[in-house]
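Just below sit the structures, each encoded as structure tokens.
You will see two complexes here that share chain A, one where it goes with chain B and one where it goes with chain C.
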Partner chain A sequence: MKRFLAFLRKEFFHIFRDPRTLIILFGIPIAQLMLFGYVMTNEVRNVKIAIVDHSQDDFSKRLTNRLLSSGFFQLSAIPTAEADYENLFRSGTIKELVIFGPDFGRHLINEGRADIQVIADASEPNAAQLIVNYTTAITNSFVKNELMKDQVLPGINIKVRMLFNENMRDAYNFIPGLIAVILMLISAMMTAITIAREKESGTMEILLASPLRPIQIILGKVVPYMLLSIVSALVVLALGMIVFKVPVIGSFALLLAEILLYIFLALSLGILISTFVDSQLTAMAISGFVLMLPSILLSGFIFPIKNMPIPLQVIANLMPPRWFIEINRSVMLKGGGLAEIWPNTLILLGLSILFIFISVKKFKIRLQ
Partner chain B sequence: MLPVIFVMPLIQMLVLVFAATNELRQVDVAIVDFDNSTSSRKLTSEIAGIPFFKVKQNLVNTQEAEDLLMRNKVDLALIIPQSFDKDLTLNKSSEVQILVDAINGSAAQLSLGYLSSVIAGYSQKILLKTAVPGSVMMKNIVVKPTYWFNPQLNFKYYMAPGILVVLITVIGMLLGGMNLVREKEIGTIEQINVTPIKKWQFIAGKLLPFLAIGLFDLAFGLLVARLAFNIPIRGSFLLLFGMASIYLVLVLSLGLFISTISDTQQQATFVTFFMLIVFILMSGLFTPVESMPDWAQKLDYANPLYYFVKIMRSVILKGSNFPDIINEAATLSVFAASIFGLAIFRYRKTS
Partner chain C sequence: MITKEPVITVKNMVKKFGHFVANDNLNFEVYKGEIFGFLGANGAGKTTAIRILCGLSTPTSGEMKVAGFDVFRQTEKIKQNIGYMSQKFSLYEDLTIYQNIRFYGGVYGMKVAERKARTTEMLDRLGLTDYENRKIGDLPLGWKQKLAFSIAILHQPKIVFLDEPTGGVDPITRRQFWNLIYEAVEKGITVFVTTHYMDEAEYCDRVSIMADGRIVALDTPEKLKEQYNASNMDEVFLKIAR
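This part shows the complex of A and B:
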């Protein structure tokens, strides 16, 4: 035990002696937190639009005002000739063009119904759809408040309740996923690299020849990163709760237990990778390719898994972060308990045992 | 080396473009029908008739629907109140409730939009049938959308040009960056340093082969995109590859610059990796730049990917010509020239 503690101390020295890696270790999570918290948003704001009003009547002017004062749109051009429309889109000056036909006001008075034509730049399809949705919603509320004077409209009215994320804040979506990505990075990637480094520089053999047992060596390598991971998980969680106001509705103890389980899983994955590679560069390449990319793109972190083609969904199901992100979102945002997340927990547990099992097998072979 | 050149474009184009999609494939809806009348059943079958919606029916109470939302089994729940049919016949007006899983805001808005439009369509249908002419003074404005450049709203068209940018950026920065540092690590750089070769000749000589590889990969990636999802290429190839050359000189110089300031491959990879994450996430590849806060938009003026993503999307999807993108092109050229100069300046033949 004393030997093990000494070895553990040595490993901590290794980590703290290399400030560049430490900076990266904490710099990447913080940069990601800032980017995802403040910068990455799917909401549509400040959309540059152009308005062509061939009618110039009272209604069209009022609706134009309503659109521009909504805060979503920004008038960027008033094209005069139809030939200019495409140029404006091509040069990226505008994303939407609203056209009032010459008889807009007359139709509205005589027939009670008029059209406005809206052209959206669908080279960004989702933004285009959201922009058109906003335009429609603003027009509808204009009709309801100003033209119909708030009388109850005939037909089916829809009352909407946004659950789990009332104000549709993007941070609610990103923070639970970010914890999964960052832990994968620190736990798995760093463990794989540090063990690979010993192998590469040939010091692994020296360690194995020492009176320390192999399991102690591996544990000594892993424990520092486990502590680092726990610290950074808590930091990200705290920042998410304090700065981005993401709640933890479910049980906090359950959340922490699941985070520990996931760290355990990521560490075993790191050990597993290290048994396959001999150099730091391969360890990094594999971590980058096998861990980072899938944990960002195939985990439901940014893009919902449901929208992917079936073969990719199958692959995504093999990704540990996918299951962990679901747990996080459920416990943090939905107030879920074990009743909801036990299948995910079992999967994480099963994967960890599998990884450890394979590593132990591989490691023994290397000793001979 | 060779597998990287061929396999990376294939995997990136096929996996990333298909994975990185916000296009809704299917929306799961739970319907709780407290009314169980002709009108409510018609509304239900109207929704169930659209293949895009997968409907879970026969729920007895709201609790059950909320439970399904809780366990990610459905995205939306539609609650039809008991008085639905009565209100419609007596008052010509009725109310339904929709519960939305709003964790992913934009997906929530889109799926809610679809369901609302189906309900509005149904509502319009019964109104037309039962409307008494002149009973209520109706006024309505209908928004008629047209989607230019991508009428089917195909998300792959949007992602593919962006992923191509990532592809040649990664290739440029990693291959270019790693190369010089490797020579440092194994010591061959000394042998080159003692030859009479000029600094700019050395840097340019390192740069050109990778420029060729980058352009080749761009062409290969475009071909894959064309064959796999039939992306339209509206702009001129000359413009596309001209811009790509300028951009590649920029990222390769950046890679070389990083390698002149790093001692080991590990340091170089970490720095590159960090820059790539920030550059890519801020480039507007995944989320629109206009939605970012002001400070981020200002920072983006220094992000080469921001300009090039814009250029690629405009030229490929909108057929933009040189005057349309002249600002972006000019900025990229200035960047490329200065970083190339910086890399030459920072490279020391003597240590």
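This part shows the complex of A and C:
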């Protein structure tokens, strides 16, 4: 035990001696959080548009006002010649163009139908689709309010509720996902690097020739990063709850327990990686590229897994973050309990045991 | 000081990696208090043998005892009784001298008072007392190696294994390093050293010379020179290798 403590103390010296470690442990999570929170947003806000009004009547002006006062759009140009339209899009001055046909109001009242043309910049298809949807929705509600307030509409009135995320806030999606990605990054990568460093510098030989048992060496490597990862996870969780107002509806204790299990899994993956590599650089490359990209792209964090081709779905199912993100979403947003997430928990547990099993096997072969 | 009491006995030691035989039936004894030189060209099997004796690698077959403990079953006890310095530099560059000493003292389970007393004495001998809080990475290579050796024997092991400890340092530093080795021997520590500097072979009490996984010669440097009719160990080595 005394030996183990001496080893632990040394590990903490390493960590606090090297500012890079602390930057990776705490700088990266906070930077990623801010990036995802403020840059990678899918919400429509202040989109630059142009409006061409060929009728200039009461209705077209009121609809224009409605669009511009919604907060989603911002008037950037009022082109007069048709020749300008394309230039405005090409130069990026506007993302959408709304054209009212002549006699907009008169057609609307007399015939019950009038034409608006909406042209969007589809070089970013997802954004274009969103912008057009918003424009359509505002127009429809305008027509309903202005024209048909005294009439009983025949037909179906659809009332939509977006369950678990009523306001369609992006943060509700990315905080649970980000916790998974960040913990995978720091826990797996840091463990892999720190063990690879001992091998690279030759000190691993000395440790193995000392009375320290291999299990003590591994634990001594893992425990400090486990503690730091927990702190890091709590920081991300707290920032998510305070800055981005993401709720934790389910049991907080359950969430923490699952986070702990996931950290354990990431650490065992880090140990597994370290048994294959001999240098810090390879360790970083493997955990960086081989681990990071799939865990962002194939985990359901950004792209839904169900829409992927079957082979990719199979690979995605092998990604630990994929199962953990589901747990996070369930507990944080839906108030899920163990009854809902036990299969995922079992999978995380199973993967951890598998990784440790392979590591121990590899370790023994290495010693012979 | 040399007795005929063996601290290392090796009988029929064989180590195979697949079809490659790294150690082919080695037999030798190392006596308490001697400097035992382990010579051979690169790839002759020196490092494999030293790793087995340190409990870092399991031999394929044979009967080996180190400090009275069995290499197959009692590696933990062996590790407690030996010191090891590998050919790669073995201290933590990003930690200070003091932190390194404290770490190794802790790993070998030394008592705090004992560690402190020996540390003071050791730093004084090396002339490093004022540099206790320097980072290892800032020291010149010669100092690092002397320090690494001193730390490897801080817990006063029965045997210390040195795997090419003087690689890459100048002759003066090598001489100083050997003075440290003699001091260790005076304290009753047995030294098992591999090297490919033939002048260092002259400093050993007995040397064994390995080639292709086998021991081809084993005796005192004087007798080897006599036997091969050579004026120095370099000639002996060249004659054997031929």
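Methods note: the second predicted complex is superposed on the first by the 364 of 368 C-alpha atoms of A that agree within 3 Å, B and C clash if a C-alpha of one lies under 4 Å from a C-alpha of the other, contacts with A are read in each partner's own complex, and residues count from 1 in each chain.
In this text, a residue touches a chain if its C-beta (ideal position, glycine included) is under 8 Å from a C-beta of that chain, and two chains touch if they have at least 3 such contacts.
All values derive from a computational prediction rather than experimental measurement.
A.B. asks: In the superposed arrangement, does A:123 touch chain B (first), chain C (second), both or neither?
C.D. replies: The answer is first: A:123 touches chain B but not chain C.
A.B. asks: Once the shared chain is lined up, is A:39 touching chain B (first), chain C (second), both, or neither of them?
C.D. replies: First partner only.
A.B. asks: Touching A:278 in the superposition: chain B (first), chain C (second), both, neither?
C.D. replies: After superposing on A, A:278 lies clear of both chain B and chain C.
A.B. asks: Applying the document's definition of touch, where does A:58 land relative to chain B and chain C: first, second, both, or neither?
C.D. replies: Touch partners of A:58: none, neither chain B nor chain C.
A.B. asks: Once the complexes are superposed, what residues of chain A are shared between the chain B interface and the chain C interface?
C.D. replies: none
A.B. asks: Could you please specify the touching residues of chain B with respect to chain A in the complex?
C.D. replies: Result: residues 15-16, 18-26, 43, 66, 69-72, 88, 91-110, 112-113, 116, 119-120, 122-124, 126-127, 131, 136-151, 153-155, 157-158, 265-267, 269-270, 273-274, 277-278, 281-282, 286-288, 290-293, 296, 310, 313-314, 317-321, 323-325 of chain B touch chain A.
A.B. asks: Quick check: in the complex, which residue numbers of chain A touch chain C?
C.D. replies: Per the stated touch rule, the residues are 2-3, 5-7, 9-10, 13-14, 17-18, 201-203, 205-213, 367-368.
A.B. asks: Given the complex with chain B, which residues does chain A contribute to the contact?
C.D. replies: Those residues of chain A that touch chain B are 20-21, 24, 27-28, 31-32, 35-36, 38-48, 63, 86-87, 89-92, 95, 108, 112-130, 132-133, 135-136, 139, 142-143, 147-148, 151-166, 168-170, 172-173, 193, 280-281, 284, 288, 297-298, 302-304, 306-309, 312, 316, 326, 329-330, 333-334, 336, 340.
A.B. asks: Provide the residue numbers of chain C that touch chain A in the complex, in ascending order.
C.D. replies: For this pair, the touching residues of chain C are 54-58, 76, 79-80, 82, 84-95, 99, 102-109, 161.
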